[in-house]
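Sharing a structure here in structure tokens format.
Here the chain labels run A, B, C and D in written order, and each chain numbers its own residues starting at 1.
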């Protein structure tokens, strides 16, 4: 075996009150895809930041290419051949796509940046990821998913010997993931050492060669992927067996049964009639019944978020009408929506979700407090109760209501956000990518929660890039394409493939029947070793399925 | 890996196709055939160039309105005098633009201008040659900028406060040099002060204008076409992201204050051409003029968006407001202040309204 | 005990307090009677009392400024608002037949504060409804407002002769200067209003992430109105104290540059200009540091020509000491000392 | 440029109502300055001459801009109170080239070339300081004890502050019983005068006299002295400069002991100069305004018809 290109030994890092890493060893080999596994807050991102000099380490040593190093920051790490895409998109919304990709490495002519060459180069890179973007457009005008791809394009353009991707696929859909994996493989084959972090086990099993498992900042062990069963991996990550998922599987059966009995439709909670907003989403009709879960499906930029934002009162509609429990109304501000007990949890956790300099407690009570008005403060004791109950219910870590949210790991921040919305006891909960970046255990918990809430009468609009998740949870699925609602169907034996076909061209007819028989996954209870988040985010493994037209584009490259 | 869950890659050619267009959703809406009016509105409402264009349009409108109202207003020389009288402010605004683009602010510029005039006047008085004095000033003010930058970057002192301290220091040093105002009689300075560069048609500008325009040109190039310049914008977009992207954030952030210090020094030199004296109380509050010019020119104080040319326009706007007031000639001291405030308000509101985007 | 010490040292108020104590020490050395407080004519008298009284206007404005800054804003117009409020009060008093009566003064004060309130609403309107950047929105009032103040006084210094009005600035109440009492009341009011209700948390939330706050249903617009109005109101009150203190409205000079002092006080107190979490206690310390600094210049006899340099030195010192880099250096030092202690102990034990 | 006006002024007198005068004022930084502005505006109105007024907000550059603009507008006479003495050669040369005569008011310029302006009309700040010093020397001529003096300076760097300090220092230097124990700036304001005096009285409780560079600071000092339980004008004597109404009132009330006048009423004289120029006469190069001094009795007499 070749020598490791990165070798970290005995790394410890403490933050006030938390020991984020405790004597962890970690190494990477050239020509190998390695993954860090662990629950939210296990310390995965921290290891990456330690390696690249974002955080100074308290103890331990880092050896890169045989030499002990101590990088002063990402710039130094980059200079030493380590390219990194950090968790959460860290790009510049005020600059163009091309600049974001090439900033710091712009092609120059006579000392000036050569704008044309830069755009050309960026275009090439994006095309390498099969992404057709105007490189001159502002990054901020693109969705988070596109931004994530741009960040990846930036990293792979750096001629690096180590490529680090911290949850790069969290908001990508299957196509993008496939493209990304193609690129990863080709880089791997050219000898690059790649670190790929993801909470999607399928992706892990598909692409990685080696795993390092962390738990609570401690090393559990390093394994070869093919030698470690999923069930064992999960157990190593969470330290106990995962049981919650069985339950969900069962529930999805009952749910379907309920949905199948189409006659006793629940009372409508929200009814939108040709509600629309110019430039964002074409007028659409949508009904959400009480206790009903509506999944929104669509490709990147298909307008799911825009639709959800109208329902949540985040954006104002400019056409159509909205009825809430039968009464016509207009939602002009999120505030009005909240006072009608409609909660919208944004997909952009950092930009529109958490208040990062406030404590966990303040973040949890924020919406409730805002609804009550500032002169009717929630008593300290009640705040504490609320915070503690959600910290426990959602297993937020560290379990400290006084911790600043900015110091929580990404997944835990998401849980805090969810807690904020649950705290207002919403009647309609709109969740835009709520499970992004959340570990399998927590994801199962959130799914379970959505189920329970719906059974208790709460309506839910659920958006997720993972179609499996959408299918598992929803009574009905609304499909969007090109900012238009193209289908709204009962989730009655619907399959991922059928849904994909819908998403692709809006036709249900041909595809659904055969696929439904062929892939009963959405209804099948996954066993403990095949956790629920498995699914869409996997590129072609079994090329040759006749029903899969992408075979030509992705399958043959393997 | 043989479970039924293992399915070939999702997605279809048509799906891919639709994603393509959706992926570039931001631009695709722009790409469709649209009326010229729509396109105009797009340009005006773009966060990048909109405010600058609107400012330009408003400036022209005000200038024309002044020409209609006042005798002798609508002349080339009145327009050129905007540059002649404000060349130092243009240079200051250029330096300030760098700082503000990173999301910082520099309150010290007015005091540094005063300090520069004091250094120039006192050294020239004691017989130093301008060839030494001018570079010395530029070095000193750049070093002051460097110290401020280090204070901000290394010690994480907020720019507002670090530059406020620098303002106190520079103003204090003025008094230490001399409490009195000092005349500059040195021939080179005097020559530079009185020289007029004829442009034909009875129009003329001063060497200071040329210097200021060179500074502007260099700044446009640096900000738009060098890595340093793009890093300045990057820091304004998000310092954290810039750092994680491996950009030289630390260096750039410090250099930006050096640039501002240098520009303040240069502005001080131009100012001493303009006033031919050093005076410790001079240029009080000029930092606010510079900031206002930059903001009127469409640069966001939070950083990341804006152009040097916008700042130049901002200076011209402030200049034209002042010119209108002198041409009006009947405003009392207090109405002068109210009028300046009101015109500024009208400008900002129009800019806001014209660039307003739907939310 | 040790833990308490550590908490004290790492508190963000530590260095400002140290600086305050240092300034006091300098004064005591230069003028041993500095800390003496005597009772004269039934009220307290001494340098410390002067500092508190003269610092009251800055503190009052700084309290308002703290809340504005917490929302990521800034208010440059406070000086002008102070001048307007003083000018309004004085011109009312001068115009009345009986400026010395309590009623007249009450009317004058009420009208002045009402106008300050309106100006605050105006700032709030520009910032929250029109969406102008706060520094520019308030710069407009800073410029025009002084003009308005001068318009009211016609550029003259309006001297008033009214005992109840004068008391606002230099009177005493149970031995304490009225200005100090007013300052304390405003401070307490702000603290109660923001910390006992949810206002403080909502303000911080808007300051940290406006869009997220909006989506969480926080009425950002209303909050902005509230803080700018409160800030202008406190500026109005400070203006009355300043005016009463010199028994004259001076549209030019009342509150000139007080916005810088107030902002400086806020920042020395550890509140970030980037918005978010704020500390009123810090602002109090900051205001005291600034006023003590001014008094030090007089008592120690620092020549006017280097006053500015001295101020620069103090401000720089506070900021550098407060900085995370310095904190880290101190932490390392402490660690090293602790380690040495441990080693010494070990050696002793073995 | 203003070529046409050149012709106008050399051709002989214009009708008065066609004259245009541009006046660039320092600003409106004090009551004194406002009185000055008001007086000038009123005088020109009475004379029927059009006055273009601009306020430089205490900035030299604004004044230069204003003068340039007057040249551009082709006024007949430019008058201005320079913010600062230095640095006028360039713009005054432009005025000269355009043939527009310039009159300085209140403050002089230090230009070597005195052809750049026609006339200076104003006060002599050094002289004012001397007059104040003379009174002090006279007042304490019989005393042999040291005389402790606090000086309240004007804005650091401002010409009146520097000159008044200089004139005063020159005179009291004659006798070393005079000791300036503290000298601080009160920025020409009441608040400044009060705060400085307050603090200085604590550290120098045995002070005999306060010399204030203007009445406003003296008025502030009075408040501070009273707050310290002392009697202004008796326990601590006060000398100041300006003679604005409030100051004169305090003088009449016995709270100030002596005031040196610095008159802002330059309007009439300025109109005269303009008319002289228009008639082709040459006004005197340096016209010092008639200024007097007031002691307490004179103040009582002068107070009723004090205009500002």
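In the analysis below, a contact is a pair of C-beta atoms (placed from the backbone, for glycine too) under 8 Å apart; a residue touches a chain by one contact, two chains touch by 3 or more.
The chain lineup, named per UniProt: A = Sugar ABC transporter ATP-binding protein; B = Sugar ABC transporter permease YjfF; C = ABC transporter permease.
Everything numeric here is computed off the predicted structure, so don't read it as measured data.
Chain B has the C-alpha centroid lying closest to the overall centroid of all protein C-alpha atoms shown.
The distance from the centre of subunit C to the centre of subunit D, with each centre set as the mean of the Cα atoms, comes to 35 Å. Between the CA-based centres of subunit A and subunit C the separation comes to 46 Å, rounded to the whole angstrom.
Computed centre separation for the pair subunit B/subunit C is 31 angstrom, with centres defined by C-alpha atoms. Averaging Cα coordinates per chain places subunit A and subunit D 73 Å apart. Looking at subunit D, one finds that residues 28, 34, 37, 156 touch two or more other chains.
The set of subunit B residues touching two or more other chains comprises 175, 179, 332-334, 336-337.
Annotation for subunit C: residues 150, 154-155, 304-305, 307 touch two or more other chains. Pairwise, the chains that touch each other are A-B, A-C, B-C, B-D, C-D.
On subunit C, the positions that touch subunit B within their shared complex are 76, 126, 130-133, 135-137, 139-151, 154-155, 251, 260, 263-264, 267, 272-274, 304-313, 315-316, 319-320, 323-326.
Residue ranges on subunit D touching subunit B, taken from their complex, read 1, 22, 25, 27-28, 34, 37, 51-55, 57-62, 64-66, 68-70, 72-74, 84-90, 93, 110, 112, 155-159, 162.
Considering their complex, residues 312, 314, 333-335, 337-339, 344, 346, 351-358, 362, 366-367, 369-378, 420 of subunit A touch subunit C. Within the complex, the subunit C residues that touch subunit A are 196-199, 201-202, 204-205, 208-209, 211-219, 223, 276-277.
By the touch criterion given at the top, residues 54, 73-75, 77-79, 84, 86, 90-95, 99, 103-104, 106, 108, 111-113, 115, 130-134, 137-138, 141-143, 146, 154, 173-175, 178, 202, 205-206, 278-279, 299-302, 315-316, 467-468, 481-483, 496-497, 500-501, 503-505, 518-521, 524, 526, 530, 534-536, 538-545, 548-555 of subunit A touch subunit B in their complex.
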